[in-house]
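Heads up, the next two complexes both have subunit A, just with different partners, subunit B and then subunit C.
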Partner chain A sequence: MLSSILSTGFAIGAIYALIAVTYNVMFSASRVMSFTAGQVGMLGGVFGAWFILRLHLPIVVGFPLTLLACAGIGVLTEIVAVRPVIAGLEKHLYVLSTLALALMMQQFTAIEWSTEPQPFPRIVGRGFGLDEKFWLPLLACAAVILGLELLYRRTLVGRAFLAIAEDNYAASALGLPVRDLRMASFALAGAIAGLAGFAGGELLLASIANGPMLNFYGFVPVALGGLGNNRGAIAGGLLLGLFQQAANFLVGGVLVSVAVFSAFIVVLMAAPQGLFGAPPTRRV
Partner chain B sequence: MLITRRGAMLASAATLVGAAPLARPALAQSGPILIGWLAALTGPSSAPAIGFDRGVKFAVEEINTAGGVKGRRIEIVTRDTQGDPTKAVNAAQDMISRQKVNAIWGPTNSGEALATTAVMARAKMPNIHPCVVDSLIDPAKYPNAFRVAPSNGQWDAAVRNYCENVLKVKDVAVVGDTTGYGASAVAASVAAFRKEGANVAYQTQIDATQPDVTPDMLRMRNAGAKVIVVWSVSTGMEARLMNVRAALGWDVPIVGHPALGSGDVRQLLENERNWEKVYMIGYASCSYDANGKLPPRTAAFVARLAGKVALDDTSLWWVASGYDAVKLVAEAVDATGSSASDAIIGYWNSLRAYPGIFGAYTWTPEQHNGFPTSEVVMSQANSQKDGAFKLAPGYA
Partner chain C sequence: MRSRVAALPYVLIFAAAAAIPLAGDDYLVVIATRAAVYWVLVSGLNLVVGFAGQLAIGWVSLLTIGAYTTSIIVARGWLGPLPALAVAGVAGALAGVLVGLPALRLRTFYFAMTTLGFATIVTQVALAWTDVTGGGIGIAGPTLPAPLDSRTGFYLFCLALAALCTWMTLNIAASRFGRALVGLRDAEVAAEAMGISKAHLLVTVFLFSGATAAVAGGLFATLQSYITPDAFTFDLSVLFFIAILIGGRGSVLGPLLGAILLTALPEFAAPLVAWSTFLYAALLLVIVIALPGGIADLLDQRRRRKLPQDRLVVPRPDLVPSLITRRPDRPAMILSGVRLSFGAVRAIDGLDLVLRPGEAHGLIGPNGSGKTTTLNVISGFSVPQEGEVRIGDAPLRSGATQIRAGLGIARTFQTPRAIGEASLRENVMIGGSIEGHASFAECMLALPRHRRDEATLRAQAERCLRIVGLEALADERADRLQHSELRFMEVARALMLRPAFLLLDEPAAGLSADEITRLGALIKAIREAGCGVLLVEHHADLIFDICDRVTVLNLGRELAAGTPSEIRAHREVVSAYLGG
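Then we have the complex of A and B:
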């Protein structure tokens, strides 16, 4: 029981964490909560299965193509669902536009791919004592943490991302190409979501049903960890995965989601800014 | 008298409605027999309608080639509803009001049928459908609606019969998904098992996206379940149950919904052996016996289909049922000499063990569930060949 809670809990938690990071990366660049994050995660699994199992491309080709396709969908999200409404951010029209785009992705995939879950290929073929479907999501999660840390701390582009996340208008006044950086952020977010879906494909299968599920459970770590806080999102995601799998063992059935969201509400009541978020400050 | 615009419009509408029945017989009784076909041919859940459609086209070709019905050709008015209840209602309304069809076949999923049944009842439109939700058939409310496939209740009875009388087990675990269908099917199944004195050792609903069902399987095993009854169309969840059963080394039979035999399940199994001891709802007319033979009437039908209708990517019962639906309309017109709705409905109400390909249908004015429960059997889920399955162990 404990080994199952740890292996499945950490694996699914790592996928939630990556979707939460996707939300954060898009939010940092645009102040928009794009509800396409989970759908792009779902597409990571679908593209992976399509390229490798249906088109018979080698994994070394199918994997980067999956990331590229998901990055492209990230850019499409920025152009179609974010840019037109960003001027009226306070009206929250992005909720409607990103949800509409997410719904379109879901329907299009249902028609062109399948409404039934489809198999996902074995990637490595070796377990190292633990089946690869459990450690691949963790490896992907570690790679993203490391990559983002390097990007944000060691590169000029990363610092520019941080600049527009900190103050969009000031960054624009300093001559930073805000729109291009926002598009790049959405491409990066798309690739991260695609990686989540690809790494979790063996666990979740290539199924359209994963889209709404990832949208939903991927958002919980964002709130738990504090909006825009990637480290908090990672910790929140892993905790959520562990808690959910423990609830599967302890209560099971429809009570699992009740337990998860009860705990979520209790945490938010105790710490409204999230477990890892800073309390709101006000300039005086 | 004061003439208002509203009054004039109401009077015009009343005149049109009143005149319609007068004009219709003259046109309707001499031209082709029009059968509306509400088919979800594209979009999610289109597989059944594609199978039904093959049977429909084959029946029409066969009847028209033989000279039609009393010299009248059969014409099918097909509308692709895409599985969308709104589109199905609009299409049904169009068939009734504009196309003036003589009968409607379909829709073929319960979600659409729940929306269209009342519309067709208001128009007294003869309607045959294969949808399983029990409430869709009610001769008092919907005297025009007839079912050519088993209801949920009949499926449930067949599963209970197999568990209790063939497998001889009394300790059952009942599992469904978290959809409305899963919840209602589990509740109905549990109540019926308990009523018959069986011990429902465990019942649960599992989210179809739950990646690991080990906790649920362990709870079933620890509760002492000797058979797992599954009510779900989620092939992913079903395959996971089978994979975990194998991983736990648990030799428990899995019995239930026809989706257990779907080709999608095969793709998701970690090993084909995991599909053994899985028994799904099937139909005697479309099952191979121990010698690998179909019943004679079905075998003759399959021989006629050879080279004309593909069966390797669909279910034989879908094709057979689509064929039967057209034949039932044609037989009604042939027997009564009329394509009026009263004549067709009256004829269907008088049918006793009509020898269709899919089943021997019996309808009375009080009972419009026409498919005999005795023909609902269990099949080996891993035995699909040309759209038909082998009978599960225990059938003579």
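Then we have the complex of A and C:
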């Protein structure tokens, strides 16, 4: 039982963590929280199943195509739902525009793909003692952590990302192409969410129900860890996955969702900026 | 006369709706019933989303709660269907507060997420709690007693409730509560400074909106005749939410049209049914990007009315005494030893200041010297780490912004905070919110006390607008006015409190020389009426012209204090700030 809790908990937690990182990457570049984060995660699974099982593409083609498609959707999000409303950020219209786009993605997938969960292909086919569906999400999570770390510390583009995250206005005054960088961040975020969906495909299947589910459980670690804080997001995601699985085994069913939701609300009410977030800014 | 014209669209809509059964098409009646039931919910939700600006996207949860409460009570034979509907309303009101509570601390996206989470939980509980809800198998909806059990009877009953909800929300919209809700949405800080309590107001609105949603749920269960958790999809939430945004925020007519449109659209274009939610979402995207004001903005003729080009704001200082007459022997406001740091930055570093009634006190200094922060400490937006603010011997509780208005402290802001789509008069009336006596329920039912409140506030707003010289623009939308006019509007709004102390934050910024002169005369008159004026300004001429005392701040400390002539002769001040 314990091993089952640990393997499923860490795997699900890694997927939540990746969606949380997706939220953060978009937020850092634009100060926008986007409802598309979980939906693109869902699409990662759907694209994977579509390319590999339905179009019979080999995995080495289907996998990069999935990431590319999800990155494209990230760019689309930026162009359609973020850029037109970014000037009046304080009006929070992005909440509505990204919600609208997320709903469109979900409905489109429901009609053109399926409303029922569809099978997802085996990727590696070897277990190493633990089924691949449990360690693939962890591997993806580790790869993303490492990749982001290298990107932010070692590359010029990564430093430019950090610059616009720190101060958008100053960055544009310095001549950084803020708009292009924002678009690149959304592409990166899309690819990360797509990776989450692909790596978690065998666990979650290719199902549209994953969209809202990932949206919510991917947001919980962001909210609790503090916006833009990737370490908090990853730790929070893994813990959430473990907590959920443990509770699933111990009390079971609907009480788990109620417990997670209540804990989420209580913590947020006590610390609206998250446990590790920055204090609120001046209002007047 | 105006109110009769405004009522016309509603009369037309409901008259046409009442005539639908005459067409003899049963299916049409069912669709119309559904639209009426949805509107019962949407009308209440409109106060939350459209007026208060809270993004409650998971409101289907309350429809679910109402539907199950009614059905279970009736199925177990505890009560008849109509009393059960009333019980559902009460349960919904409480649940509405529960769903809404996070809004007191959380903003926009965060709150939207919590309502979504709640909606998921409610559906899961309905599925899992088989003993009570019937789980996935479901439960029969209640049947209303004759004559409401026939198709037409039930429709007319729903329509009557829909009309009642329309009337009640229209009353709220036109009351101080409606204005305060919009104030919290578009100018939260200003609304708080006017004494509006966000917590109080939101809880009241969530009670109301929860109740209408749950009653709609009971009707929905009857309409469906059998309910399972599947009936309460997220698509319904989307429909409710988008109807309001398509209709336009801060309007009742717009969302009513929106709700009718979204309910009817897929019915009359059968191939669209599967795509309906997709289309709603696409419509929302278009509205957000191209027409954030929604249908209501399209219908608003004030947007197109031409305003005179070369208009002048000419205040009437001579009218101030007719508004404010304060005896000058009242206690002064005293700041003693106030210290406030933001991290390592000392914004205010031990400030003492006395603001006497009937005196204009200038606060000058370079940028970042702590002027606005001082105003914020007085009005409660900033909490000092040390020191206190007193009026006479009574200390002001630090941080409690809403109690300031009741103590006669009014203020304006460095950038004017106005509600763009509200008229100038409505913007000014918000300033007098705390002077209303009628409760939310009285306003909702348009009882006499509410009507008296409105008449008084309206007359007072007219008077304040005349004093600042804006009476000719009273009916215009605030977002069509010039910056300088909004500055004078803020003064008028502050005057609504007949303040004992008036805090002005750079009122002359962006004004022309003539306007500054006229503003100066107005401030003098306010001071002479017995009000203590604390004036933060960079226009040194204005300060020296109208102030009795001046305090010069530098790096959060008092550099000098005294009469204007003393300050003008102060060597350090001249070299550091005034320039010599």
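Note that in this section the second predicted complex is superposed on the first by the 265 of 284 C-alpha atoms of A that agree within 3 Å, B and C clash if a C-alpha of one lies under 4 Å from a C-alpha of the other, contacts with A are read in each partner's own complex, and residues count from 1 in each chain.
In this section, a contact is a pair of C-beta atoms (placed from the backbone, for glycine too) under 8 Å apart; a residue touches a chain by one contact, two chains touch by 3 or more.
Computed from a prediction, not measured in an experiment: that's the story for all the values here.
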**Message:** Clash or fit: subunit B against subunit C, after overlaying the two structures on subunit A?
**Reply:** clash
**Request:** Figure out whether A:253 sits in contact with subunit B (first) or subunit C (second), or with both, or with neither.
**Result:** both
**Request:** Could you say whether A:111 touches subunit B, subunit C, both of them, or neither, answering first, second, both or neither?
**Result:** both
**Asked** Should A:84 be classified as contacting the first partner (subunit B), the second (subunit C), both, or neither?
**Response** second
**Prompt:** Where does A:93 make contact in the superposed view: on subunit B (first), on subunit C (second), on both, or on neither?
**Reply:** second
**Message:** Going by the contact rule set out at the top, does A:207 touch subunit B (first), subunit C (second), both, or neither?
**Reply:** first
**Message:** Of the two partners subunit B and subunit C, which one touches more residues belonging to subunit A?
**Reply:** C
**Prompt:** Touching A:268, do we find subunit B (first), subunit C (second), both, or neither?
**Reply:** second
**Request:** Considering only touches as defined above, state whether A:103 meets subunit B (first), subunit C (second), both or neither.
**Result:** second
**Asked** So which bits of subunit A does subunit B touch that subunit C touches too?
**Response** 111, 253-254, 257
**Contact footprint of subunit A on subunit B as seen in their complex** = 42-45, 178, 204-212, 214-216, 218-219, 234-236, 239, 262, 264, 267-268
**Message:** Under the definition above, what is the set of subunit A residues touching subunit B in their complex?
**Reply:** 1, 4, 8, 11-12, 110-111, 114-119, 203-205, 207, 209-210, 213, 245, 248-249, 252-254, 256-257
**Complete:** Within the complex, subunit A is touched by subunit C residues 55, 57, 101-102, 105-110, 112-114, 116-118, 120-121, 124-125, 127-129, 188-189, 234, 238, 245, 274-275, 277-278, 280-282, 284-285, 288-289, 292, 342, 372, 376, 381-382, 413-414
**Request:** Name, in rising order, each residue of subunit A that touches subunit C in their complex.
**Result:** 33, 80-81, 84-85, 91-93, 95-97, 99-101, 103-104, 107-108, 111, 212, 215-216, 219, 223, 253-254, 257-258, 261, 264-265, 268-269, 272, 282-284
